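Same chain, two partners: subunit A is paired with subunit B first, then with subunit C.
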Partner chain A sequence: MFYRLSGVHHANYVSDSRIFKVPADRNLAIFIFLFGLAAPFLLPSLYLNSYMLPWLIWTAAALGLNLVTGWAGQLHLGYAAVMAVGAYSAIHAARFGVPWEFALIIGGLASSVIGSLFAFAALRVKGLYLALTTLAMQFVMDWVLTHSPAISGGSHASLQSPTLALLGQDITSDTGYYYVAFGWCVLVTIFMLNLKRTGLGRALVAVREKDFAAAILGVNSFYYKILAFAASSFIAGVSGALLVATFFFLAAPEQFSVAVSIQVLAMVIVGGLGSIIGSYLGVALILLVPGLVNGIVAGGSQSLGMQINVETLAHIPNAVYGALIVIILLIEPLGLGKLYGNIRDYLMVWPFDQLRK
Partner chain B sequence: MKKLNKTLAAFSMIGGLVAGSQTLAEPFKVGVCYDLSKAYTFATPQVSQAAMDLAKLVNMKGGIGGEPVEVIVRDHGNEPQRGIECYSKLSREGVFVFDTLSTPVSLAVLPRAMADGRVLMQSLVGRGDAVDGTVFDWVYPIGPTYWGQAANDVAYIKQLHDGDMSDVKVGFVYFDYPFGQEPIEILQTLSEKEGFELDLYPVPLPGSDQAGVWSKVRRDKPDHLIVWMLGGAHVVASKEMQRNRISMEKYISVNWLNEVDIANIGKEAAIGLKRGTNVVGGPDVALRQEIMTEIYEKGQGSGPLEKTEDVFYNTGLAMYSIVFEAARKAVELEGLPITATSYKAGLETLKDYDANGLMAPITVTPDDHGGGGKTRIEMWDGEAWVPQTDWIAEYTDVVWDVVRESSSKYEQ
Partner chain C sequence: MAEGATSHNSVNETIGILLARNASNHGSNIAMREKERGIWKESTWREYSEDVLACAAGLEKIGVKPGKAVLILGDNRARLYGGMLAISLLGAYAMPAYPGATLDELQHFLGEADIVAAIAEDQEQVDKILEIRDAGASGIEHIIYDETRGLGFYEDDGLMSWDHLIEIGLHDLNEIPSRREELLHRAGPDDPAIFLHSSGTTGKPKGIVLSQKNVLTAAKNGHDAGAFGEDEDILAYLPMAWVGDYAITVAAALRYRFTVNVPERQETVVRDMREIAPTFYLAAPRSWDQMLTTIQVGMEDSTPLKKWLYHFFMDRAIAAETRKLNGKSGGALEPLGRLLGEALVFGPIKDQFGMSRLKSAFTGGEAIGEDTFVFYRALGIKLRQLYGQTEISAISAIQAPNEVRLHTVGTPAPGVEVKIDDSGQIMLRSNSVFSGYFNKPEASAEALQDGWLLTGDAGYLEENGQLVVLGRVSEVMYTAGGERYVPNYIENRLKFSPYIKDAAVLGSGLDELTAMVCVDFEAVGHWAEVNGVPYVSYADLSQRDEVATLLREAFSRVNKAVTEPLQLKRFVSLPKEFDPDDGEITRTRKLRRKVVQERYADVIAALYDGSKEVHVSAQVTYETGEVGKVEKNLPIREV
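Coming up: the complex of A and B.
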């Protein structure tokens, strides 16, 4: 009734390998894309640069982690460290005079190299052991950053980013920053959408499900694990560099600490492993909801004239936000992306599914 | 379609919130974006309570130039992006004075404040080289930098040894990350200059295991210990010191040591412990007494009474006395309404201001945004803090060398 098809059925190979199996999904994606393009004209600049921009960059980053965790099934707790490698290399390159286009690629490649080291750990250990190994890598990176002024810059290990310039154009306006973030997020999203229907994507899924079974089928799990780590690290590196270039304007170790790694992993898990729309929703929940709930609670208590201690006021949103995560994962352990899928699948056959009952 | 409606509803709700928040009146507003829920909670509740109490007091006395003052306290959970969100939101509502009391957030907000021309107060946190007003136009880290504070500690030790430090051994115990590492350079310079021996003792975060550090200290037998740690780590250190029979009198802490830590160490056990500070500790300061009679005795306090007995409450009073005094100066200079530029001018006319004996006198100039960086050493005698020195700022040339070397890198 709401959709023009009553379930997803494939009659031929072409239809099976479509990006969007449901036309309404494609329309939704087009609508979101157009909204994203028009956002600078629709939203006040506060929402553009304090919510939309970090949301898009973190989504790109979360999609990168989703590639390695959701698709290839390798638990990764050192993702922020990989982002830091990209951010610091790109900024150092840009400060050295390399044009930003190449600086970003250098950042991505540097991340790829360091990130692939994680893959060697992944070849030896699995599951929780891999999680701990990657966590150790995160601490190593933290230590390197705080102990080498040559990398991390001067006072309090902070490194100023030069003005972003792409294609000979200095980017200094809120709108400009937003479009850079938007462009990158769209690129990553398109890559991830297509990944599903390529041999690479299927190989990654095979490795995720059982790596030695994949090996029996002729999928070289060594090769694909390294590829997954390298590709996801490249995305992480460029995202980290863009995060600093368009949002923080200055890189500091705290921006890429272990807490951030866990946050990105939470974004992916709450959003849904292997789900693209889930990554968008997960990032929104983890990154933006605390601030929004904070504002709502503060505004609410003010308008109701309640005298609440500032400390209590700060902890209520945290409790609400924590409860929200628990509730969402209880309702749907596969995350927000699956929740969206459930709603869509329900509406697709409604009201005919009612007849059976 | 359902998704679309939901999105539209969400955005129209957001739009409503924005429209609602822009119709406020015109008080002098201070954006207090603090970490009230994560890493800095050992100090932020007291400081923000002091800010709100002081604002009440100022308003009771008729405000500034007849206008009320308002402190807007928001939590950012020590996350840089939420700090930026807080800053962006409030600065669009017309706030031009901000304080973050968090190093990561202060670092993240700084480039924006510099570009937007908003005053960023960052007493006791953030990058120390921001005292260089020639580079950091809009940043005011009023109070001591960690470099200045460490130099003053050395000056105190020099006093104890009658000016001759040639056979003195100083140990530096520090958290092994930027906060603790910052004074190392200056201590090394001073060690060469004064001829004392410097031993470094890095403590891995979060400072709950210090056994190895203190047994090494016992072997090395330094005469004095300068300690750059926070909160609970002081308590762990005191236990390890007792275990290793190291006298508490050797311990000279950074300003981040309060009455809660003393209570956890034990009032008796802490006798002899020293700390550097830029505010007078204890509940007897004139401003706090006034707040007690005017606000708390009438039951209008902004928080629990016991928090006002903490040294960080006094720190908060000091920080916000400066904020409001600068606003007063701004009104004297250029009248109402206060703007970011007139406020900046107001700050830079502060001369020997000590908030009625509450803190080290500060003199802010266009070049020195730190206000002189004076501190003193206090000793815990079992009941109260006893000052061991006057307000001092020593080795300023050495400190400023480090400041300029570091700040020059920002411009590149």
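Coming up: the complex of A and C.
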């Protein structure tokens, strides 16, 4: 109904390979972008820095994981460890006096180097073995962080992040933090949108579908797997650094524990492997819905005058939230991104039921 | 001939002058878009004109000159259109043929004019020309082809690719700087533009040469009547050998600078139409019917909510449109329903079919069914009727946008005079009328009297100037009881049912009327699937009792609309469709009554001798040219 396609034609291949071929998709993207830009003026600051900001940073991080898991098809259980590398490197660099712009890049590169070095070893095995190896990376990193005071300050210490400053401007306001996160998320999104239509993106998809079939096509699958790990680790590193610099303000090992790795993976899977809009939705579900359910349950029990003891009250949201994930994956195993795609398809062929042949 | 009221509509332009004007004044506007491998390759008027000139120079080099003809064979291609213009520049005859034309039909063309070359679309058409050349038509010295695929190893004489021809032409053009100007101004208004053929429902097709003045006047007449404006976007999908295609895609496009969009293949027309969303669209009633069937079948298969919304708005819109046709006004809520319907149902449907930018939509060539007509009006497409003949370069009368009646074909276009002779025949006079059948003085004398064209259609003018067409004069028939009827009129009414594709009404000189019908495989096939009626083939499906019940409903609807003696009593559903390859209908799908009556003589006899069943063996011509037979026992059904 909203998708009007008549009159859309292409006079050359450049125009045929545009990111948004459907005008309605482009308009939606522009609308969301404008909303993102205007958010500081539309939303109270509580919402801005406790919901929007983490949502955007975690989305950038989830997109990075999606690159390696959704596009290249390699299960990664040590993503938080890679984020930790970036976060600690960037903060150490910034504390050392390196400007933040470079500190963030150093963080990204450090993650990239360690992530791909590790991938060199890990990619000798495939599937579940790879998953387990990446999990090992997570534990190694946890151990290193808690046992090397030079990096983390000790097992129960935390590392203060210096004041964020970009382009010679100190950033201390909520709006400022938000825009930094917004800018990074937009950058990563644009990168991912373009990835789909590059040779690199197609090679990754080929590797995902069957790595030895890709090899037969002349795609060096090992090289592309490493590349996927390196690019994804870079995104993870910068996202980790920004998370600390704009949201946590200090870095501690438990911020990057194995539970966080699992959580990011959950965001990607609930959102949908290989789906960009899915990553946004998946992060929203995992990150924001618990708070929302909490509010609804608390508010609901209060207005109904029910006397529920505090402990039950704390557990109901968790149960609801768990059930929600199970229900979504039952309805659409390919995640929220696919769910969105289904709705889009339904409207795309409106008022018919399927594409006319 | 050009006297009185028509003289002001005389044009002294030629194809060359218009081409030069477009290239110099509107050189960077898009003249042609042709889809190739998913991409619309554009060429501007300047590039297009250069191509046409090079082609003309090349053709002249290989011996095309006035009095000679060049065969154009293939589906719509930008280069074939360019080739036609180039031939006109040289003053020679461009003779397009239907891409599905059989060898016999092509042989007939050869007997008419001196064909010295052919421009063919691809290997398939080249093979056809080589075959007739082997059969003795040695006059076709040169064969130019557009699509090179499969032709790499052909070593026949005179075979050359389009690119090679252009190369020859460009070489020639660049050698003599004044050649371009000279070529553009060589042909005059009375030189030929196109060599077409009558549809040949009775006997062999007759050659019709239209001059450049004819076709350009017709374009002006159409424009003045409000059929199209300037700079329209059109889709070139109609057969190139049909006058309607030439009048719009070549003549009007040249005079009013249309952008002509050529679809990738016949099979992709529907999708390509959506990508282009033309602003002007002309189609035969059959195509409109087909699209209506596609929409209805699609909606029946849709989800409950969509289906409900569709019926909610569509039923109301159709009721409103029917009221309007009958001159009544609607309720107060009508505009609201229209607005919501447009947003929720009509707009999306139009979008799916590439009709959202349509300013003018036309149906022509035959009568259109009321259901179809009203449906498209309800959809918000201002469908109008157009009446014309090959002999008058396609445009005689056009309905104005706001005065649409079902039974009229509109007022005569400006520049066309209409007169009804004593026998009730429609006569037309205009500068767009041809000057006689090619090499057929007797036939020409019959068709042209004092500059008036005898259309062969019976009709009358209403008081408000609207022209009403009743049918072919030659087709008025009488039953044994002396009852006068026009079979075509009843057949069209039968065909308004989506389940009937073709029909032949019988009964001339007999007691009562009966009919033979061919069911529409797509529509009836889908109906059978939905209703759980098993079938294995067309022959099987057409004879099923359930289908007979379906057909009976269509018959009783028609019977209600005609007087008692003209009601159809019995019918037979034929086991094969009428096919132009079998000669039962023309390429424009008009019934060849004589052929049908000869071929189905047994069936016709059985319809009147009271038998319950008849054995038929119908002839089928396959695409390879082989002839087969369909044998089947057909039950005779009472209405």
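To be clear about the criterion, the second predicted complex is superposed on the first by the 336 of 357 C-alpha atoms of A that agree within 3 Å, B and C clash if a C-alpha of one lies under 4 Å from a C-alpha of the other, contacts with A are read in each partner's own complex, and residues count from 1 in each chain.
Just so it is clear, a contact is a pair of C-beta atoms (placed from the backbone, for glycine too) under 8 Å apart; a residue touches a chain by one contact, two chains touch by 3 or more.
Note that the coordinates shown come from a computational prediction; the quantities given were computed from them, not determined experimentally.
In the superposition on chain A, contact of A:Ala266 is made with neither subunit B nor subunit C. With both structures placed on the common chain, the touch criterion links A:Gly291 to subunit B but leaves subunit C unconnected. In the superposition on chain A, A:Val258 contacts neither subunit B nor subunit C.
Of the two partner chains placed around the shared chain by superposition, neither subunit B nor subunit C is touched by A:Ile325. In the superposition on chain A, A:Glu311 contacts subunit B only, with no contact to subunit C. In the superposition on chain A, the chain among subunit B and subunit C reaching more residues of subunit A is B. In the superposition on the C-alpha atoms of chain A, no part of subunit A is touched by subunit B in one complex and by subunit C in the other. Every residue of subunit A that touches subunit C in the complex is listed here, in rising order: 1, 4-13, 16, 346, 349-354, 356.
Residues 33, 38-42, 270, 274-277, 294, 298-299, 301-303, 306, 309-310, 343-345, 347-357 of subunit C are the ones that touch subunit A when the two sit in their complex. Those residues of subunit A that touch subunit B in the shared complex are 2, 24, 28, 31, 35, 43-47, 49-51, 54, 95, 146-147, 153-158, 160, 247-250, 252-255, 287, 290-291, 294-295, 298-299, 309-311, 313-315, 317-318, 340, 343, 347. Against subunit A, the residues of subunit B that register as touching in their complex are 1-4, 7, 11, 14-15, 17-18, 21, 36-37, 41, 45, 48-49, 52, 73-75, 77, 79-82, 84-86, 88-89, 92, 103-104, 107-108, 110-112, 126-129, 176-179, 181-182, 302-304, 406-407, 409-410, 412.
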